[in-house]
């Protein structure tokens, strides 16, 4: 059996700050699970937690790679917890653990992960109109090297369809 | 449902160098899976590969945390691959990802992981008569701090029974 | 005697691609050294190498924190080489090693370091009209959290004066 | 001018627990400085602090690579502080930053650094009769791979003479 794809969903770590964004993240997690892929996130709150919640509600498998030493910092929807002990440098482990990346809004941490994924040439999509890091480079590149184009998509379902297409291309 | 325990199995990375050790590792992976726990390893060859093979043959879930950037370095029995990109410093991520550790033989890498797990106070058992790092501290401590005693066990089955007992104690 | 300040200069890793930028980097390294501060960089080529060259020509002390295991990847103007073995995750070690940061142009790697420094709330200045990452957030913030404002400056001399002022504020 | 050698001194982190060991560490730091080499340590207390103190008293240059994010955890005799933010995984950065290693006593952390240095094939000497990790492998190998022999020496002066000889061999 072919190994399952690992899809990293990145976005903010702010619980309940933006219910619309969390709904998008929940739906994205659900679509990742429905596609038979493994959901990887940074394992904390906000978009990460909502995505894990959606994936679990669809019977999926979730991995949370967190900055801390202590697994109890992970959200309750992570099946596998990797307490990296690396602090925020874990953003690079997240990026490397992705076959492809879906960006939903996000601030400086999401931008850091986007840069990491870009430098490691991972396929990336960003959900339109979610603001922050996701909107910053949509249908463009992080820099002049043009390592990988960040493709804009309109919905969680499109995000998963497109990222799987890019991964297997 | 309670989160599954994550059991780290550590040992050498030398394929086919020691069939007896690989048999023990295979059986240990199988027992980890049968207990309903997740098997975590360093994701490479030798003891790591044999343990993953056993866990998969028993229908378990396996995680490989590897030093490299490229997931293709992981053995073919890893369900989830974490390409840490950290080189051998990934030994510390392995240790932190463990609820408990089972030591099977092993050289300098296994000793490094044993030290990491000891410093982070993880429960540990070592299978007797497997040599190397496993035999070094059996029923003793890595240093005068007595952080955690490394308990000797006689078989793969005993290793998993004992480590689960120590984890939940 | 008070400990010397550690000033991180970040920018591209592309030797000879932009002589004007390298001149600015050289002058910045020289000003860092003249101020009695230690120059920290990512230890590779381009802006990093030019800054180290300038600092050495002014009799300063230079530290290069590189992604590789092998110190020979560092440029020849690094007095101290830290071969992190972490790959690009070393961007976070760079940021943490800074009392303050000077941004000169730069692409995705520089942006990653900017995010890291921002998340760890390090004082930052960016030299105007050097393009890339430096121009992106000038006199603004990386995200809505407003952790730290990136102050625009007009010259290498102003960059060092301003960053030292921000560090000791 | 040839780049200065970077000599890593490793040992326990327990201030005032063993004055005899700290005296040896102080003298070793002093000899490192007198040889014109840079002293690298883990930047904390005990043997690390004493070695840095000795190096500074001889006018040397000292680097401390610490586990924490905050440079204030470093001892007061570090000229350059690298706050790695990696937790104890910084042991691998220490090992990689060494042209050669001097082991003085030490527990599980020192053993972890010894394993890291061994895996990365760094020249190593251990000062005899300092106990702990230093005595464990003296004039022998960490494992069957025989990567690098740990040479026993009788004094701080011999340690520095021997390690420089091994580095340049």
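In order of appearance the chains are A, B, C and D, and numbering begins at 1 in each one.
Note that contacts are C-beta pairs under 8 Å (C-beta built on N, C-alpha and C of every residue); 3 or more make two chains touch, one makes a residue touch a chain.
Computed from a predicted structure; not experimentally measured.
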### Message
Strictly by the touch rule at the top, which chains does subunit A share as contacts with subunit B?
### Response
C, D
### Query
Is the number of contacting C-beta pairs greater for A-D or for B-D?
B-D
### Query
So what's the Cα centroid distance for subunit B and subunit D, whole Å?
29
### Query
So how far apart, in whole Å, are subunit A and subunit D when each is placed at the average of its C-alpha atoms?
41
### Task
At least two other chains touched by the same residue of subunit D: list those residues.
69, 85-89, 92-93, 120
### Message
Please classify the inter-chain touch graph. Allowed labels: line, ring, star, complete, other.
### Response
complete
#### Entry: Parts of subunit A lying in touch with subunit D, wherever the complex brings them together
69, 85-89
### Summary
Residue set of subunit C touching subunit A in the complex reads 86-89, 91-93, 107-109, 111-112, 115-116, 118-120, 132, 142-145, 147
### Query
Where on subunit C does subunit D make contact in their complex?
3-4, 6, 38, 61, 63, 65, 69, 71, 78-86, 92-93, 96-97, 99, 120
